[in-house]
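Please find the structures below.
Below are two complexes that have chain A in common, paired first with chain B and then with chain C.
Let's turn to the complex of A and B:
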């Protein structure tokens, strides 16, 4: 019910308002949608960008996931962590970093002269630059899903292959076909996330639907035009998700770690090991380390950081506060939703799951406009004019993440644990609070962390709904990007990266907190 | 059942697998402690013991999925693993294996499951087709080539797993409690089927079980295990078993 109010109702309200003109039903807002060449250009740009990003991330991410999840490549855990970093920070920070390197006044110009950066700047601003930046941000999705799906394969299936074939044959004939649903799922996710991404195309001046929707709303305050530009985004999202539901859903529900504890030893790379290590190091350096180095160099010196904290210290504290509250709400809400999905306690569990996925895949601008449409009324101003509206946005958008984490964790707890408590006379709340939740505490912690990171990095929803005087750090950086000094922006980006990764780093170093335990 | 064992000119049994003073630890727990065992050509050896006694570990060592921490294993006179090192990988050992959960590849048809190994060995298409037809006929599954494993009953899946393991005419067939998930009636029926196939094709068989009746029904030799060691070995004769 809560999910319907915070997630679906805003979207329905947005659609309803866009078809009512002067109190009468009218499709005037959508008049130009099919006939305007501009709209078709936008759709072409959006599809080209998301298709290119999807193709690139799958081409690199799946082999990378296999290398990190299946072979004896050195430093596999380190590389996994490194490649995930771009996904955890606001996307435009990577774009800012590449701009600081390749732009006309970037570091490359300092070393090679302005003429050298004419080509690189042309590359950066437009489809190739946008695709390259989004590629580095979304690369971890197929990489991680490949690693996770590899762990779901019963090792006996591969052993049966190993009796008659070398690893290459087993990979081609058995392992890769078995993880294909995971590959397709990651392709779908990357496609939808890059289709809905607006901050990177906006910064790199590549006009796509989410940018149009955002511009219509924020620059012209043309609500109906913004909605009309958001509708194709929602339709494409729905079509892709329905396709996923028809062909993949049953298979991806089986995303459970294989109960086998003894796995096959990693595939030995032999003489290829050092070459592949070199390639992975180069990719990691270019995609992750270089952008961070550029930001560090650009922001060098305490002056920039003092100025940054002076400019945005309040936004930083606010961001952390909202992210902590958001993460806590997401953890609770995601846990209950995950429990409903896992135990199939309600007959509508599949619809609940589909709705969370739909809201996650829906572009942030669509959710933002939906929230404004529903809550911007004199009667609901007590919500709309307070940070509660931001938290509602977080809940609508990111519940899918925490509920999926809970489902995975709950699937590993034998149902007999809860049944034993039930036989002992414990009620539902007692069972959930004293038996299930403590057993799922690692999942809850992981959910909280993911909720914190995604709430903190959120730009799309917050940008549209934040009440005056409540802007978060990503919003402050985003608005400064138009006229702030590169040093100041780089320093703010570094502050943002630190605030995002610090809790994960703390939990990582506390012994036993993030290590996996199998419940039998 | 007939005697499928093979003997050399001196009348000794021909040794096919030689497990020599093998020990194996998992997470510092010793699961096998200085085991020595021979498997002879055409012989049906059953390893009998309770859960956790190390019987599956012996199969995995012979198959080459893991290496012994100490000691060595030879197949047909050739050293295949020794002291923590795998010298010959599984695919070069010419073994067949039926797993406890059968491990039929769910995305491939019955034909695809059998063909995978034949393809990996580089057999031409016509030969592959013929071999699949023959082996499916042998296990009584001739009409099921295009079915997926999920569309078969437990007994049928069992036959397909057998067919897949035997398609490459292995020297040794390893069987890891393959009938444990079946009801007694089907279990007994398939036991007879396995014995019929072994007699017809003459391969050596290492069969792991915790069921005493099953063990003595199948075996020519029963190796009883206890806490990672061989407790005793009995030769089974039609007149009753005797200690080796």
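Let's turn to the complex of A and C:
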């Protein structure tokens, strides 16, 4: 019910307002939808960009996942963490970093001269640059899902295969077909996330459909046109999700690691080990380390950091506060929806699952417009003019993440535990609070961490709905980009990266085994 | 085994505590002002912080982003017409202030600090008051010997493929094109635009990019805001700033002042008036003139940096901003077609 109010009601309110003109039903706002060549061009750009990013991330992410999850490649865990970093920070920060490197006055111009950067700037500002930046951000999705699905394979199948074939044959005939649902799921996720992404294409001036919706809303404030422009985005999202539901959902919504997974030794790479290690190092350096180094160089010196904290210290604290509250609510809410989905306690469990995924895949602009449409009234000022509106946005958008983590964790708890308590007379809340939640604590902690990171990095929803005086750090960076010095922006980006990764690092180190086990 | 319940209670108490603390630290009604700002945050926030220091009134601001082409704040005001959240709108040009007046979103307020501001730069009914202006100037690469002196240079054969202009669908370029429509009339203005297109003018995404193109020598000249030109000059870029159409028969240079607007139904009207008075003060104009945004003071007698001409020495394009605002809406379909959209 809460999910309906938080997530679905704003979308329905937005749609209802777009078809009511002067108190009458009218489809006038939709009259111009996809009728101009310009809109079709934008849709073509969106589809081209998402397809290219999906193809690239699958082509690189799946082999990378196999290398890190299945072989004896050195430093596998280290590389896994390194490659995940770009997914954890706001996408446009990666774009800023590449701009600082390849732009007309970037670091490359300092070493190679301005003429060289004319070529690189042309590459960066357009489809290739956009695809490259989004590729580095979404690469961890197929990589991680490949690693996770590899762990669900019963090693006996591969062992049997090894009796008659080399690893290459086993991979081709057994392993890859078994992880195929994971590959398809990651392709779907990458497609939808890059389809709905607007900050990177906007920064790199590649016009895509979400930018059209955002511009209609923010630049022209044509609410009805913005809603109409958002509809194709929602339709594409829905079509992809329905396809996923029809072909994949039963095979992907519950992931149980095979109990015998540790029995099988990793695939030995032999003479290829060094070469593959070199390739992974190069990829990690170019995709992750280099952008961070560029930001560090650009922001060099304490002066920029002092200035950055002077400009955005309050926003930083506010961001952390909202992210902590958001993560806590997301964990709580995700746990209940996860429990509902895992136990199929209510007949609507499939609808709840689909709704959370739909809201996660829906472009942030659409959710933001929906929230404003529903809550911008004098009677709901206690929501609209306070940070509660931001928290509602987090809940609508990111519950799918904590819910899925809870499902995975709950699937590993034997149902006999809860049944025994039920037989002993414990009520539902008692069973949930004293049996299920403590047993699922690792999942709850991982869910909290994911909730914190995604709440902290959120730009799309917060930018549209934040009340006066409540801007978060990603928004502050966005607004300061207009005429802010590159040093200041780079320093702010570094502060943002630190604020995102520090809690993850602390939780990684302090509770020790607990978090690591979850992430493993 | 009771740990999870305790943990849950502690978390709920913490969240409630944070929210109560948040509410408690909110100042009383006369000690807070909510302002929506279209001027770049790096410049405007410093002024607002000074206001906080000098008056003790807490400023809560919403700033525009470059991505919304500085119209996000105004559009938020339109969305909140029936439920106003803002007290003051600091527009970075008067056209948006005019749109708000026409939509019944702003309220009249004649600040005592507005009396020395020339009448052409303020609304006669007090719905907005201009301050600290940008001039629309040519930025010309120093390698160009015979510099363009009139906006008609865009149509001259010698500049074929050598000039650049910012996308006329957004920002101050839209306003200036609309101003030309009001002065020349539709037919002559459309002819000018067509001739400019025929002369293969390049289109950039923003004024900063136009200035960079000219500084890099990719194009000979461009029409930009004076702050973009001054910025590049201060960075030592090889460019010169030219105020167009300054001759005896010239139509003058288009001036784009900031505008302070009081919002109708403002939740904090008293603090709002004090903020508007502060924005319209000579001291604020002096600060904005010497900041990197290099804006031209409209009060007589305010000191200006050496790169800028005082307003009294500039031949100003005589326009009615209300008419320009109306024309801007009217010309959108033509401009979209002009851009091939």
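We take it that the second predicted complex is superposed on the first by the 507 of 520 C-alpha atoms of A that agree within 3 Å, B and C clash if a C-alpha of one lies under 4 Å from a C-alpha of the other, contacts with A are read in each partner's own complex, and residues count from 1 in each chain.
In this section, a contact is a pair of C-beta atoms (placed from the backbone, for glycine too) under 8 Å apart; a residue touches a chain by one contact, two chains touch by 3 or more.
Keep in mind the model is a prediction, meaning the values are calculated, not measured.
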Joint occupancy of chain A by chain B and chain C, clash or fit: fit
When both partners are placed on the shared chain, which of chain B and chain C touches more of chain A: C
Which superposed partner A:443 touches (first chain B, second chain C, both, neither): neither
Arrangement angle, chain B at one end, chain C at the other, chain A at the vertex (C-alpha, nearest 10°): 170
Chain B versus chain C as contact partner of A:86, first or second or both or neither: neither
Chain B versus chain C as contact partner of A:503, first or second or both or neither: neither
Partner chain in contact with A:478 - chain B first, chain C second, else both or neither: second
First (chain B), second (chain C), both or neither touched by A:174: first
A:159 touches, of chain B and chain C: first, second, both or neither? first
Lowest C-alpha to C-alpha distance for chain C against chain B (Å): 31
Overlap of the chain B and chain C footprints on chain A, listed as residue numbers: none
Chain A residues within the chain C interface of the complex: 36, 38, 104, 114, 202-203, 205, 214-215, 217-221, 223, 311, 321, 325, 328-329, 332, 372, 376-378, 381, 384-387, 433-434, 437-438, 463, 466-471, 478-484
Chain A-touching residues of chain C, taken from the complex the two chains share: 1-5, 8, 11, 15, 18, 22, 34-36, 40-43, 45, 58-69, 71-72, 74-76, 78-80, 82-83, 85-86, 170, 205, 208, 212, 216, 292-293, 341
Residue ranges of chain A in contact with chain B within the complex: 154, 156-157, 159-166, 169, 173-174, 177-178, 262, 264-265
Touching residues on chain B, where the partner in the complex is chain A: 26, 63-66, 89-91, 93, 95-97, 99-101, 103-108, 116-117, 119-121, 164, 168
